Amino acid sequence: MSWVGGGGKGEGKRGKGEGNPGAVALALNVGAFLTFALLVPGFATGPNLETVVISALPLFLLAVGQTFVLISAGIDLSSTAVVGLVSVVGGVVMSAEEGTQGGTLGTLTGLAAMLATGVAAGAVNGACVGWLRMPAFMVTLTLGMFAGGLAVWLARTVAATETLYGLPSQFLQIGGDAGIALALTAALGIAAHGLLSGTLFGRALQSVGYNARVALVSGLRVQRVILATYVLGGLFAAFAAVLLTGRLETASPTHGRQLLLDVIGATVIGGTSLSGGRGRIGWTALGVLFLALVGNGLTLMNLSDFAITIVKGLVILAAALLDAWRVRRRGRS
Amino acid sequence: MNAAVAMAGIEKAFGGVPVLRGITLEVAPGSILGLVGENGAGKSTLMNILGGNLQPDAGSISVGGRPFSPRTPADARTAGIAFVHQELTLFGNLTIAENLHLTRFPRRWGLPWIDRGASVRQGADLLARVGLSQRADMLVERLTAGERQLVEIARAIGAQARVLILDEPTTSLGAVERGRLLSLLRELQDAGLAIIFISHELSEVLQICDSVVVLRDGQVAGTGSASTFSVQSLVALMVGREVRQLYPPVRAPGNQEPLLEVRRLGEPSVAHEISLTLHRGEMLGVFGLMGAGRSELARMLFGLDRHTSGDVLLEGRPLSGGPAQRIGRGLAFVTEDRRQDGLCLEAPVADNMTLVHLAALTRTPLRLINRAALRAEVARMSTDVRLTRAPPHLPAGRLSGGNQQKVILAKWLLRPPRVLILDEPTRGIDVGARGEIYELLHRLADTGTGVLVISSELEELTGICDRILVMRQGEIGGEFPRDRFVREDLLRAALPVRVSG
Amino acid sequence: MPRPLALRLLEAAPLLLFLAVILLFGTQSAGFLTAANAAQILAQAAPTVIVAVGMTFVLLTAGVDLSVGALMFIGAGVAGLLAIAGYPLPVSIAVMVAIGVAGGGVNALLVSRFGLVPFVATLATLYIGRGLGRWITETRAMNLPESFLMIGASEPLGLPLPVWAAAAVAVAGQCVLSTTPFGRYLYALGADPEGARKAGLPTRRLIAAVYVISGACAGLGGLLALARLGAVSPRFGEFYEFDAITASVLGGTSLYGGRGRVLPDTVVGALLVKTIFSGLVSVQADPYLYPLITATIIFLAVAVDSARSRLAARLTRRVIRVDA
């Protein structure tokens, strides 16, 4: 099974580890929490934990979108660049209104434009992967390049600076107010979970990811499923952009740029399979939380950035090795 | 003089099902042995044992007088056994010469640099011997199947084989290529090679082979010099008289109302002017050898592949579109390869079972899955298809072959189809599960569904069908109603017809 | 069986696209088609070419190496430290390549011995490598002594040294792929892993070898990149993996394995991107449009390649079915 996705080739020979990735991810979280709670004063406090969760919300939304795409046996390398583009689009639309007086109407228009941008980007990805059968890796890579460039160009053309200010306060609240951001993210997360595990689409998506040939023979409309999947990816990237733009109070093409590795890392740690079919929103949430806890704890321990990066890499490695070991053991039985 | 190959008492069973029940045969050096038998008689298994792909459960083999028990195909190759399979094993993205020399490249000065000149020259020699006019530096992916077959044979010759096993070597060859191959085999024979020639082309077998072994049900049903046989006597030995399995009692025929009509279906190089009618409540069998075009026909009927001419009508109305549309009109299709396109092996049984008709178990507008209804349906179908020891949450890949097939059937029958097409439905399945599947199909037909069963097992089709069509080389070669189910006739209708050269 | 014109055109697409780009910019700007400009493009492309050669090997086996940029970074950091500490230049060079090989060895172990999916294994090494690199360079920029810059600046026989190095690597890579058994085994493995195993090819060792090669190329490429920049910044080598993959894919290497060539394909792919960039500069296009235009052209190239592979697959299917 190739790692690039675009619909499985029906060779489930490698197999996926059984057992419970969710349990592993949960154990990791508990372990991390306890370790840092013991070692680091100030970790297990209300304000700190609140910061951890709130700052992880955009990452979570991106990871949810990525989860859908990975389940379809694809990959989305464009989501973080789309965040920048969506942010700039929002800034362009809403700053054109009367700055902070833009008010509710401005906010609604801005939101609509932002979400539409995310959907459009996802649709391009989905159409190329589903109908043109191009490899997801390259399609999303180039779209990401394009979106990033477009974001910068748009910002510069409209506003002559790369960062746009003066967004309406109603909009800023969505991302800036911890309560609203949390509620929105939780609602989206629950909706995503419901979509994935409780609807026809969710099942169809899983089948396409496990074995696209079976899905085709069984009457599923594989191309439409793939399209919808990438649209979801783009949509969730747009929501992440809404949160980031609100929290940072600016619209910028660089929002979220550094997050791509963490997005993929979190979904992998959570247990979503790169070869498709298997994945849960809950697992992803645990993966994101784990990365956030580790990042926060190590920062409080005054470990430098690079140490944190190394630890993250080691954890991903450990999770992958564990999974590979489980698969091998099952293959032998 | 030692026999080139001598096998004694070879036994092999798969999952408790005996496939070879004590095979003893000998091939003398410099002779050609023809190995014939129906599908499932054990020819492939026997040759896979000789070729090092499988280990026998009992018995012994000697090659050139020395004991021979290969554990890998490489072992067999080292001992001088060259197996040219029916499924081609060449690498399309390499040249002919590279494929020929893949494990023994001629080196320049002993270093790991391929001496391309030598490789191409030696390759050209081998190609000339098998009668191919292509250049040795041509990419294999550009060759036809027939040409590739000749390259595989060339590779065997180049590897200094002492025993050459050919599995259906002439199915993809044109008349001229065939003639060249047969004279090539005689040359090799004169040079001392022992050749085992597996084929369904019985007249060809009698023409080229010195002796013949007929396998039936895992045993040697007949053996002797080729001159003592005729096509008729071979066919008689192949089909035998005993009934191997229990089949459900003969059905009352359906009501003769046309359900699925196929009119002059055609696709270049695949199918030619195929016309047939499936009636309501009928069990219609489609028999034929590999390569006859049966699976291709099924895929075209189901909308997975296009056809350039002809139409298909269901209940009088034209059938078009892809699988989704045809499923909506009431078609169902159990494919040939359940692991590749029948089941999501890592997904639970319940998910697989509800894959086709999931929409019926959901509530609009969001298509939320009604879990209670889903559980109930899974339980109902599991009982219907007599699925045991298969808890709904178990990944489907862990089930036995018979259970896997039952899950697939349950998937399609969750809502009764109008037409059910099955391609090799009992391949690799134990006797008990087979019987249950036959019963299921009969019950289904009794409710009015038209059932089209494609199979290579003649006995199965004569056991359960009301009528059998025989396909041959992309065409319908014969139609047999129940009262004319004579197995020799059916087999003969399936044999390729050649313009003799 | 003659190949239809459509297929041949599609196969030649990367080269045609390259020529089209040269033609387009050449006619639009006088300064584009000069020898000096060509030399500059070649010099800029040299590190990417080298890394892409290694990546081509990996892609042929249907794998991927996401860690090359990180390996470049570590190597550059260590080499920089050695150079600043006064060690002679050859030592730094040797160390850079050695680090690349070692890193490649780790990837090789993870993929071939532990059976990890290449994407995840090299993603993990990417993280760890970047972290290590930043630790070594203490997340500060390092300026390197003159001797390093000499590598980039010296011009034996009129072409910058990096260009010679890249050419040598490309030629060596292509030689290995087309004239050694090892190279041919890689193609067989990529086309049909099961078949290769059955044919007795040493599949595990083959897979391990390509990651070591990729690592070595990363080390060498890092050396040239370092020589050009003269300094190590915390973002050294970032995104080189995507550049290398893009260069290979543009040249026609398949992400699914079994298809691809170093010369001329990958080299053309690497040059294509740099040429577009140079062309845009010389026609004085709005710099903010660069990524847009580049991305579009790459996208087109990938789309054409997809069409080519679908057409080829359809033809093969029909070929197999021909009977007399």
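Note that the chains are named A, B and C in the order they appear, and that numbering of residues resets to 1 at the start of each chain.
The rule is short, and it goes like this: a contact is a pair of C-beta atoms (placed from the backbone, for glycine too) under 8 Å apart; a residue touches a chain by one contact, two chains touch by 3 or more.
Computed from a predicted model, the values in this text were never measured in an experiment.
Trainee: Using only Cα atoms to place each chain's centre, name the chain farthest from chain C.
Mentor: B
Trainee: In terms of C-beta pairs in contact, which of A-B and A-C ranks higher?
Mentor: When the contacts at A-B and A-C are counted, A-C has more.
Trainee: Indicate the whole-number Å distance between the mean C-alpha point of chain A and the mean C-alpha point of chain B.
Mentor: Centre-to-centre distance between chain A and chain B: 46 Å.
Trainee: Measuring centre to centre with CA averages, how many angstrom lie between chain A and chain C?
Mentor: Here chain A and chain C have centroids separated by 28 Å.
Trainee: Which stretch or stretches of chain C touch chain A in the complex?
Mentor: Contacts found on chain C: 62-64, 110, 114-121, 123-135, 139, 242, 245-246, 249, 255-257, 286, 288-292, 294-296, 298-299, 302-303, 306, 310.
Trainee: Would you tell me which residues of chain A are touching chain C in their complex?
Mentor: It is residues 2-4, 128, 132-135, 137-139, 141-143, 145-146, 148-150, 152-153, 156-157, 261, 264-265, 268, 274-275, 304-314, 316-317, 320-321, 324, 327-328 of chain A that touch chain C.
Trainee: Which stretch or stretches of chain A touch chain B in the complex?
Mentor: 10, 12, 15-16, 18, 194, 198-201, 203-204, 206-207, 210-211, 213-221, 277-278
Trainee: Name, in rising order, each residue of chain B that touches chain A in their complex.
Mentor: Residue list for chain B touching chain A: 302, 304, 322-324, 327-328, 333, 335, 339-347, 351, 354-356, 358-359, 362, 366-369, 395, 397, 411.
Trainee: Touching residues of chain C toward chain B in the complex: what are they?
Mentor: 1, 3, 179-182, 184-185, 187-188, 190-192, 195-196, 198-201, 258-259, 312, 316, 318-324
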